[in-house]
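Accompanying notes for the structure given below.
Letters A, B, C and D mark the chains as written, and numbering starts fresh at 1 in each.
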Amino acid sequence: AEAGRLGLGREALPEEVAAWDIDIRPDGQGLPPGKGSVKEGEALFLEKCAACHGEFGEGAARWPVLAGGFGSLKSAAPEKTIGSFWPYASTSFDYIRRAMPFGQAQTLSNDEVYALIAFLLSMNDVVKDDFVLSRDNFTAVKLPNEDAFYLDDRETAEKHFWRKDPCMTACKDKVEITGRARVIDVTPDDKDKSMKVE
Amino acid sequence: IGLTARPAAAAAAKPDPAITEVQDWSRFLGEGVAAHPYGKPSKYEAHVVKRDVEWLTAGRESSVNFTPLHELDGIITPNGLCFERHHGGIAEVDPAKHRLMINGLVDRQLVFTMDDIKRMPRTNRIYFLECAANSGMEWRGAQLNGCQFTHGMIHNVMYTGVPLRLLLEEAGLKTNAKWIMVEGGDAAGMNRSIPIEKALDDCLIAFKMNGEALRAEQGYPLRIVVPGWEGNMWVKWLRRIEVGDQPWHAREETSKYTDLLADGRSRRFTFVMDAKSVVTNPSPQAPLKFKGPNVLTGMAWSGRGTITRVDVTLDGGRNWRTARLDGPVLPRSVARFYVDFDWQGEELMIQSRAMDDTGYVQPTKAELRAVRGLNSIYHNNGIQTWLVRANGETENVEIS
Amino acid sequence: IGLTARPAAAAAAKPDPAITEVQDWSRFLGEGVAAHPYGKPSKYEAHVVKRDVEWLTAGRESSVNFTPLHELDGIITPNGLCFERHHGGIAEVDPAKHRLMINGLVDRQLVFTMDDIKRMPRTNRIYFLECAANSGMEWRGAQLNGCQFTHGMIHNVMYTGVPLRLLLEEAGLKTNAKWIMVEGGDAAGMNRSIPIEKALDDCLIAFKMNGEALRAEQGYPLRIVVPGWEGNMWVKWLRRIEVGDQPWHAREETSKYTDLLADGRSRRFTFVMDAKSVVTNPSPQAPLKFKGPNVLTGMAWSGRGTITRVDVTLDGGRNWRTARLDGPVLPRSVARFYVDFDWQGEELMIQSRAMDDTGYVQPTKAELRAVRGLNSIYHNNGIQTWLVRANGETENVEIS
Amino acid sequence: AEAGRLGLGREALPEEVAAWDIDIRPDGQGLPPGKGSVKEGEALFLEKCAACHGEFGEGAARWPVLAGGFGSLKSAAPEKTIGSFWPYASTSFDYIRRAMPFGQAQTLSNDEVYALIAFLLSMNDVVKDDFVLSRDNFTAVKLPNEDAFYLDDRETAEKHFWRKDPCMTACKDKVEITGRARVIDVTPDDKDKSMKVE
């Protein structure tokens, strides 16, 4: 609606868009020039990432696990890593470049990000140890779990949650307690006297 | 706890010194009008705070704290008690240096200052913001004893902001514009994809909450409001909107905020928050203390529209009564409900069941698990049960 | 001030370092979730505070401060910025020792604890509270340069409370009950008379504001809410309600809060607040800074009912346009209005004119003075004028 | 509504009602036993009140004036005192007992309040200097301005503020500025930089 414009704001300069336009899409849109090898990535990872994520991406303490977890998704303890869960490798570029290392965001060069991803892909058995990742071959990388994602289907798969006249009286015979939070006892309660009910 | 079973209007044994003795506050002058240029709660309310659960996260900069729902009433969450979720700590953004850029599939890539945004037509709306992970710790069973922890990742605030549609019209959308990506200026550079239909419908670019500037932890000076949709999408410290023809599949919509089902497959783009409710009083942090008349209260909300009805059971779902909805009941806002009831010390199993104007009825946890299994993490809107024991103590339980 | 006449979407001369340089908040982690269990505004909002006018009163314990209306938007006043008026300083009442007594013409004289009151059916309502002396300094002419000072004795809050009617029914009214007296537990023992019809109609005994406990300066733990009626009647730290057959003619309804007219006679029991409005932006504390599109906004309210329309003039009352009412428009609540306008540096004389659903139209100051003279102090609801000069500077003026 | 009662709260004990039932009405309801003379009142006033209200109730600094102001109510500077303005003497008992001395509320004995009011009435020429005020003669005291008060009559006296279709266009010819706050310059502005517009 050209006529309805207020004329507020100003045109962004190319340098400004370039500075902030750091997002990467699965189709490769946004990928900067550059490249990096698994080997380079390993060195960088040990230096800048392993303290939190473990030497092999296995996660230190409670920090995120980045590799492994294959076949765990149906188990009682799914491990959702780049290899076992993520649908697209592009996500790792988009995320690592903008957010990692945690507390030192946006300090990595493009080559460093390519190398780190090459290393993470190798830790996840997606590429070989001599792999060199670059803008050119990036979109050729496919992650194993991509096809397991599908669009929100709640309106059909959960159609039975739309219902008329839910039961109001004598809806069940007897009721049994099947679980109690107090058994697990993980609620923080030190600070709040009002929570001490015993 | 000591239960007081007080007969109706009984006489006191002897005069109450709180009445017969002149209290200090009735005699001596209190602080004057210059004491608190910006006010704070009474010292007697020091226990009414957001709380975090340390074992939940590796550190506190990417973590969450929880709103003390059991201490609140009505539908407005005061700004000091709005739960927080950040991924790189609280960004303390200088508004003079804050910019909003619109780039991508637009006729003009634009940069706005805060002054620019405040010169555009604005509107005010009350909306709930619920984290998709709210109640997420409860998928496998009752875990946390307190609605602050089971349901406290929600707040309900009046926002002042510019319709996103107006900003996009300033830039001029290309015909192939189908999605936008919103991005924060924080150390996590938080980013999410939003379909263009939603962006043009009811999203706001907000700079005020409950009348005053956004709080730093809520995105000062600018956040996007995505009514009815999961809180993670309401990007804080909003610095950029890119318009595109496809979604971005950012980390927070692939690695996180996708719903893993029992068959190992996952739903993605589960944006809307289903209808949900919780009884906030009684609850584990707010046990029953007296026999006789008592107030049961709670909140209900639906991302699909407006709450039309809330039913409450005191006997674990055998029998239900329709609660009294009170105060403004607005679309995609929390609604407040009450059941005034009499308690004589019998065991109670309390649940609430919300319905919205699309006809959706809040499911039981069993119904939800039957479709989704136990690994979903997000979007747990199952019916919550509180067990009230004879001494008033109240527990988070699950029942058959 | 420096006026920026910025052409539409002009290019910047060189890249903005706020964009091209990575800001600290985009790189380093901010504070975590345990930093502020009860939150506060950003450090960049330190100027958004209540202010007092020292020369107004002999001391600060019986004095007033003012809400910064020009910094707020929407209809909710955040609790930290609700103006204060006390007569013996802020009473810091221990809720465990607080009692509410009902005595006088009742079947049973009763004493309630806070626990008792919280067990009674409650409701939530958004109401404005305006001091009858709001704008009182302006009776003789334009005095104070800022809507914070001319109109800042108003706030608008969602209250949670028990209908007073229920409490009176607990005590049982004698047939000759015609008035109640409400009394505070503060060092002023503030007391006012209220007709029984109002008491039984819509008064609330409130213990929460905007979701959380009342603030100490607003009467914690208990205040009476008297919708649409002058703020002085909304007794804080409420400790007693006496039921009687006549009004009490307490100091605050004889010496004060009576309206002295030009003939030397005085109106008493002028309880209801007439329809009123004020443009909060632009205003002396919020001058115009830019040519081109600008947002004019303000608030309107009526103690008699609901705001139906607000007109705004930019040329001193020669021509008017009807403003856009935005957000919930509720009875006896502030309503928010906007006029989105274009400014090219011409002098403006801005006024707003509120109308309510009884057909009342906010009068000019001249019309008001024609009836009441200059000595009334209270109930000045005359139309306010702001003069905007070519440089954007905005002044409080009066016009013919 | 007996049936509708919740049964919350408890009966107040007589001692409790007595402790808090401190209000006084024009008809004398609430007046406690006791008495006090103008002379006693003068001594008390000098000791406990004059620092703020002046030796004769004329007001120290900006503290309230309690006496005088006769004939000022139609002037440009009305002085509203107990004598010139207040309709009822009972108000002074109700107020002084609950709120004065400022900062030492509820410390006066009943006799002291009677004496202080006797003194204030004499300062206002309502009683002679040898007057003794007591519960018995209290309601006989009439204040001169009582009849000048009448009930809120805005709905009739200001009926013209209810009007249909207020003027929207060409409502006046010219507009002149008749007053400016900046001339008076009494706005506090030291603390608020945003208010400095020059």
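Remarks
Here is the rule we use: a contact is a pair of C-beta atoms (placed from the backbone, for glycine too) under 8 Å apart; a residue touches a chain by one contact, two chains touch by 3 or more.
Fair warning: this is a prediction, and the values are worked out from it, not measured in the lab.
Looking at A-B and A-C, the interface holding more C-beta pairs in contact is that of A-B.
For this pair, chain B with chain C, the centres built from the Cα atoms lie 28 Å apart. Rounded to whole angstrom units, the spacing between the C-alpha centres of chain A and chain B is 23. Centre to centre, using the average C-alpha position, chain A and chain C are separated by 47 Å.
A separation of 68 Å divides the Cα centre of chain A from that of chain D. Multi-chain contact residues of chain A, defined as those touching 2 or more other chains: 5-11, 16, 20, 102-103, 105-106.
Among the residues of chain B, those touching two or more other chains are numbered 9, 12, 16, 19, 26-29, 51-52, 61, 88, 101, 108, 110-111, 119-120, 170, 187, 189, 292-293.
Pairs of chains in mutual contact: A-B, A-C, B-C, B-D, C-D. Listed in rising order, the residues of chain B touching chain D in the complex are 6-12, 14-16, 19-20, 22, 26-29, 292-293. Taken in their complex, chain D has these residues touching chain B: 5-11, 13, 15-16, 19-20, 102-107. Those residues of chain A whose C-beta lies close enough to touch chain B in the complex are 1-2, 4-12, 16-17, 20-27, 29, 52, 61-64, 73-74, 76, 78, 80, 82, 85-88, 90-92, 94-95, 98-99, 102-103, 105-106, 148-154, 157-158, 160-164, 166-172, 174-182, 184, 186-189, 191-195, 197-198.
Partner chain D is touched in their complex by these residues of chain C: 1, 47, 51-55, 57-58, 61-62, 87-88, 101-103, 108-112, 116-117, 119-120, 141-146, 149, 166, 169-172, 181, 183, 187-189, 191, 239-240, 242, 244, 246, 248-251, 254-255, 258, 260, 262-272, 274, 284-287, 311, 315-321, 349, 353, 355, 358-363, 367, 371, 374-375, 387, 392-400. By the touch criterion stated above, chain C contacts chain B in their complex at residues 9, 12, 16, 18-19, 23, 25-45, 48-52, 59-61, 63-65, 71-82, 84-86, 88-95, 97-99, 101, 108, 110-111, 115, 118-126, 158-160, 170, 185-187, 189, 208, 210-217, 220-221, 237, 289-290, 292-295, 297, 326-328, 330, 336, 338, 340.
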